Amino acid sequence: MYVIVVGAGDIGTPLVDLATDSGNEVVVIERDEERAERASRQYDCLVLNDDATSKETLQDAGADRADALISTTDQDATNIMVCLLAQELSVPNIVSVVHNPEHMNVFEQIGVNTMQNPQSLIAEYLYRAVSRPSIVDFMHIGEEAEVFEITVGPDAPIAGKTLREADEEDLIGGQTLIVAVERNGADTPITPRGTTRIEAGDLLTVYSGVGATPEVTDVFGHTEDHD
Amino acid sequence: MYVIVVGAGDIGTPLVDLATDSGNEVVVIERDEERAERASRQYDCLVLNDDATSKETLQDAGADRADALISTTDQDATNIMVCLLAQELSVPNIVSVVHNPEHMNVFEQIGVNTMQNPQSLIAEYLYRAVSRPSIVDFMHIGEEAEVFEITVGPDAPIAGKTLREADEEDLIGGQTLIVAVERNGADTPITPRGTTRIEAGDLLTVYSGVGATPEVTDVFGHTEDHD
Amino acid sequence: MYVIVVGAGDIGTPLVDLATDSGNEVVVIERDEERAERASRQYDCLVLNDDATSKETLQDAGADRADALISTTDQDATNIMVCLLAQELSVPNIVSVVHNPEHMNVFEQIGVNTMQNPQSLIAEYLYRAVSRPSIVDFMHIGEEAEVFEITVGPDAPIAGKTLREADEEDLIGGQTLIVAVERNGADTPITPRGTTRIEAGDLLTVYSGVGATPEVTDVFGHTEDHD
Amino acid sequence: MYVIVVGAGDIGTPLVDLATDSGNEVVVIERDEERAERASRQYDCLVLNDDATSKETLQDAGADRADALISTTDQDATNIMVCLLAQELSVPNIVSVVHNPEHMNVFEQIGVNTMQNPQSLIAEYLYRAVSRPSIVDFMHIGEEAEVFEITVGPDAPIAGKTLREADEEDLIGGQTLIVAVERNGADTPITPRGTTRIEAGDLLTVYSGVGATPEVTDVFGHTEDHD
Amino acid sequence: MYVIVVGAGDIGTPLVDLATDSGNEVVVIERDEERAERASRQYDCLVLNDDATSKETLQDAGADRADALISTTDQDATNIMVCLLAQELSVPNIVSVVHNPEHMNVFEQIGVNTMQNPQSLIAEYLYRAVSRPSIVDFMHIGEEAEVFEITVGPDAPIAGKTLREADEEDLIGGQTLIVAVERNGADTPITPRGTTRIEAGDLLTVYSGVGATPEVTDVFGHTEDHD
Amino acid sequence: MYVIVVGAGDIGTPLVDLATDSGNEVVVIERDEERAERASRQYDCLVLNDDATSKETLQDAGADRADALISTTDQDATNIMVCLLAQELSVPNIVSVVHNPEHMNVFEQIGVNTMQNPQSLIAEYLYRAVSRPSIVDFMHIGEEAEVFEITVGPDAPIAGKTLREADEEDLIGGQTLIVAVERNGADTPITPRGTTRIEAGDLLTVYSGVGATPEVTDVFGHTEDHD
Amino acid sequence: MYVIVVGAGDIGTPLVDLATDSGNEVVVIERDEERAERASRQYDCLVLNDDATSKETLQDAGADRADALISTTDQDATNIMVCLLAQELSVPNIVSVVHNPEHMNVFEQIGVNTMQNPQSLIAEYLYRAVSRPSIVDFMHIGEEAEVFEITVGPDAPIAGKTLREADEEDLIGGQTLIVAVERNGADTPITPRGTTRIEAGDLLTVYSGVGATPEVTDVFGHTEDHD
Amino acid sequence: MYVIVVGAGDIGTPLVDLATDSGNEVVVIERDEERAERASRQYDCLVLNDDATSKETLQDAGADRADALISTTDQDATNIMVCLLAQELSVPNIVSVVHNPEHMNVFEQIGVNTMQNPQSLIAEYLYRAVSRPSIVDFMHIGEEAEVFEITVGPDAPIAGKTLREADEEDLIGGQTLIVAVERNGADTPITPRGTTRIEAGDLLTVYSGVGATPEVTDVFGHTEDHD
């Protein structure tokens, strides 16, 4: 792909890293001279030290043949202007960071894909880390359901049981599915079957139709967080 | 829980929102006067407009009885000083944002939980949004495996087939598991069985032991992104 | 009318002056505290010292019942964000200043009326003031035609002649029409007829299908500016 | 002409554009280094990066042989000092922007032509755009009279009538004159005669001795703005 | 007198001190808040913390009944704008500091009294202090003549002589006049007569038609500065 | 002379002008880069862009062979440090500007010649210019006495009289001496004798033992300023 | 004592702490508002938020009855001005920090006690901490001699010996004297005698006429630092 | 030794001076460009103008083979981050300045040697200089004991006596030991014996088990400071 990244700041920089690593042709537009220079030094990409809210700059960046443009500046107003100009220049795929949740709708109205509330996402992770420290990672599915990674505690009711046994003992509700089992830091998770025995210390990937509520997570041995 | 949040900036603000919403007792420490005032106005929490790298400030914030402290300033050095002082004051659960990946190890050495590379996470989402726009959300499991949400395209090989049929036609590999099916914006995803028929427009939650590679995702009808 | 004016700077201030003078209900949104205070002191209007790129601010300003919103900040990106939010809030008439001519199209695409290039307009006036000092004011009609005000010089060919005489002597081309005659500073211009005699010192309002070219203006006695 | 332009900011830049385009010899004086460089890069003119309130600078700019000097800085005090020095150096034609209306008189006292209140002009245009959106452009003639461009609405009383018919039906008052008719975006306006039929969508140039009052504009079909 | 002083900086402050001490009614206009406050605290005068280039401010300061206005800001352009506005408001006596010698003429043209080059005056004093340290103070009379104060050196030819003797010995040229003699720090200088005996250590006030040249000053015993 | 001038600001610049004009060898020390460059461009002198409160800088400036050092920065503290270092380096003649009158004594204690209160001097000139506009220049002699230049008004009692007549009519007190008479802009003043007739318009240099009080100046025709 | 401390920065703050703790009457002068407030809050002393280079401020601080003044600002020039004013006000004991070693002499010339090079002192401590980590503290006596504290290493030649034995075995040179022995963290050091036995882990206070050279320190068991 | 010095500010600079003078191989890391350049110019060492809180920078500085790292920046948080990274890179000897006494413990916890409160040390010296001016230098030994240098006053009880006589007269308590005598500015102090006679003006190095209390110091003739 030919990708234009607008902004080489906190978000733009790892993005450029990722996009160049994956072998894409990347052009960066960054207004700040120091940041532009650093990006130019660190990554294998063309860096324009210019204002991306100018059509000319976007054309110089190759907007006519770009497959995608990603706007990552920390000003929503700047991002929207960049996206509108990119639309005018017919960039096929346009994505933007949005900082103020109130602005989400505006971006959607004009047909720009958005990365919803990056800071909120981080905030939620941090909050989980203290409110339910046993949950390592998680992903929302619709309104309630969740997939989450959880470590099995030493005294967990499920520890030492096979999935079939756990099922028979009604330890796992109908809405819950153990998707994968990571054990001893092995690279590849085990796809669990009825005969798979869960051990303390396992890192389970679990799907729960009702989310990671205490009722669901208790069986994995973490009772500390009934808040 | 009694939670101390250090920093009321881009990350701290939604975190305070979340923590107060969940009914926790929250104390915010923010050095910048304007931010401190805004936080105080918006959330039901105590806000100290002071320097969190002072033990006295942490004590004023109730570090002796706090269940957790989350450090969210944009300076890793500040975060580490705050975490060390919090350790000295015996705060049981200490979490910190880390901005520079090189500093991850240092935080781990001193025993602080960290939120790994928030900006990298965002960058990866943005990159996926342009490189694989059909993937709505995703979560890494170990090194390779992934759980991801994907919409079923109109011409997808799997569209119109039951899971059993898909299985019989070898459309879905052994390492792939369809975990949940969201349909027509219903609140609760369907837990799929062998007789469940996949339709174009369904939003599937899929587990893949080898990640969301083209080989895995093609069956859901998205061929555009063989980069 | 109920009018929201965004920005109380160089352009916003005389606009508020005009709009309040005409008896409209005016709400001003200005981010800068000092400017907000000044506007509040000087004009009979409500002034919100807040950020207009927030939907909440626009709602506080009464966007739901406003007849019009005029965005006058000196940042095009800010103006476009304000206009998009105003559209979302269904303000019926939205107008914006646009500073960079490249951005005109973007504003038009999203359906916002614009005030085209205010600085260019001023520049043209200034240029006329030195290149054709006898032309007091002017207005472009389409690509070439112009209406302009011009003073009759003491040695002007037309001075002392009636319009009929001027017509007979072919002093005035077919594309030229004398629309009005201001004389001796009288409040009301004379609507000219065939018998109206043009005098040196008259201030004529002239329509010319080919613009205010030297060929057209020479008859009014100004030969100095054949550049 | 040989023209000295003082200031290459928001107003100075389009002025230099205009003046160089028209083939004049232009010298720009701009104190700010960045602006001076940009002007030098973009236009075919000499740019002095210096302080125009120094006689030496004005002499370097060729004040002794300049036909005109236009002062466009955003400080009235600076403009007046520049104008006084230009007078001392006998520049024949001196024009200045004036920002504070209170200062108009001072400029006139010392004999400098001024561009009256550029921001007020813009403010009036913006206000018209919301209070009488059908009026596209306008020009004041004396105290009350106006020339204005107006689009004919679909239900306008005058639509479908010849001018003679309109006159006979008393649709157009004695103080009103239709000067030109632009139709279908043609380059040249039609000079209207008695037999010219006005159509909905036409863009008329109208002279009205009493200004663009509702009484005058109603016949063109715009009743929405009787405020 | 009723005096308006514009600027309460390095020059304005001692001026206000002097003017209030002499019992005048003084109004100070100072834009900088801190300086305005300090002046208000220290002196018995009204202080307006406002912009003096506004006619309204000058009217608030009582320009209509002021006997004089003295403009002391460090910007010549500001001073000239203030003076022009003061003229428009008919202040009878207007004086201004001028910093750039090139601007002297401009001030004179518009009829403002000026304090010529304050810094040059100081520079000359400093230069004298090193080039002719025996000269304590001096004043130019026309092009060449000077009045100066000089101390009589211990070995001065004139020391111990009466003025008559000095005259007879041709020590004092025809163009030189000893105007006053200060001795032993007495408050009142002695008006010298022919019998007055000059002593080493006396501080003489001398008039010289040719200035304080070495030829003139040598008789007072200072030979060190024949440069 | 070899002179070191510290500071190339408002006072230092005309001082360097004067000192280089008089053929001295001048070295300038100025910390600010821009000022240093300008001084270097304009004057025939060596300019060190360095901190003068460093002994090394003063040595580089040739303090060991300098005849004099003049410190003109706008910080008294800086000036005193420079003077003390210059004393340590045995510069024979050291002079400094002093801004705060309270600091005069301190400079004198350490044996530095000072230029007393430059701003006060200017302030006094300005004040005289409005309080006694007829007095053109003046110099204090001791506590009370003054030498001053005054123009003879058209209705002055002394106008048209010889000095002898004026003396006989007791117009001039015993403490007053007319030192010189400038007439018609001639280069050389007239040394007045008993037969010299004073004319309206003459510019007199007058010595008065009691200062330029109204009693003294009235005879020269200026009654306006009995304040 | 009545002590005036000038400056409440890095050095001034612990000084005020010390001086108030010891029961002195302390007045602090600090120009920075924030620092002044903090000092006022933390210590039992009067704090003047003013400029100490003003005689008036020093008088307000009670300079007439002060026993001592300590100037601790980070500007040598400011410190010297403060000290000179304090001398003029006859403060009996005046001490100042000096930052630039070149300025030491100047302070001494005017008779001010100085704290020599605080940063150099710290630098030397830091350097010792890495070059001779066994030396805990030290003090120079004249040019070469030193008193130092050193811990006795486990394999030190002197460990386990009485001083007499050490003397007899020539372990300790004639220029070395063991002054005190701290053992087991006891409050009071032991005054050593011939029969006192040195043990590994003792912290000795040693005087050496030739300084803490390796030859001298080896006997205490630290050979690592022969650099 | 191979030493890395972080920070080339007030403390870092004399440290680099010392460390290079002693023949060590020194690498300096300084973020500020100006400071980095100055250090590079003045000292024989490698200077990296970079951020020391980056592991890469420390590696570039040779952290893998460094014998020691000394962190001297004025931010405790920065110092601790640098120290933690240096630990991770296994630098054998790590020392840091600590500014806030509250942070001492944190540094100790992670095992970093610290230079305790440099500003407090200076403050104590300054305080001694005014409270006991006769004490020239001092060093604490444990809680109470001190070694100090003191000058013998002209009327001191001990002046003119041998140590034996002083002992016999009980002038010197059992806890006090005169360690060395500096006389007449000689390079080498005298090691005192019983027959050594103390003279007024001698500079004594004294050990006192109870500190430099008035009871101890009175015998050396300084009674002024019984506070």
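So that you can tell them apart, the chains are marked A, B, C, D, E, F, G and H in the order they are listed, and the count of residues begins at 1 in each.
Rule of thumb we're sticking to: contacts are C-beta pairs under 8 Å (C-beta built on N, C-alpha and C of every residue); 3 or more make two chains touch, one makes a residue touch a chain.
Labels paired with UniProt names: A, B, C, D, E, F, G, H = Trk potassium uptake system protein.
Predicted model only: the values in this text are computed from it and were never measured.
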At minimum, the number of touching-chain hops separating chain C from chain G is 4
Among E-F, F-G or A-B, the pair repeating the A-C interface (over half the contact pairs identical) is F-G
Per the C-alpha centroid definition, the whole-Å distance linking chain C and chain D comes out as 6
Between chain B and chain H, the Cα-mean centres are separated in Å by 51
Among line, ring, star, complete and other, the chain contact graph is ring
Note: ring order chain D -> chain E -> ... comes to D, E, F, G, H, B, A, C
The answer for chain B against chain H in the complex is residues 53-56, 75-78, 80-81, 84-85, 87-88, 100, 102-103, 105-106, 109-110
In their shared complex, chain D is touched by residues of chain C numbered 1, 3, 10-15, 17-19, 22-24, 67-68, 70, 72, 93, 95, 97, 99, 113, 115, 117-127, 129-131, 133, 137-145, 147, 149, 174-175, 177, 179-180, 182, 186-189, 191, 205, 207, 209, 227
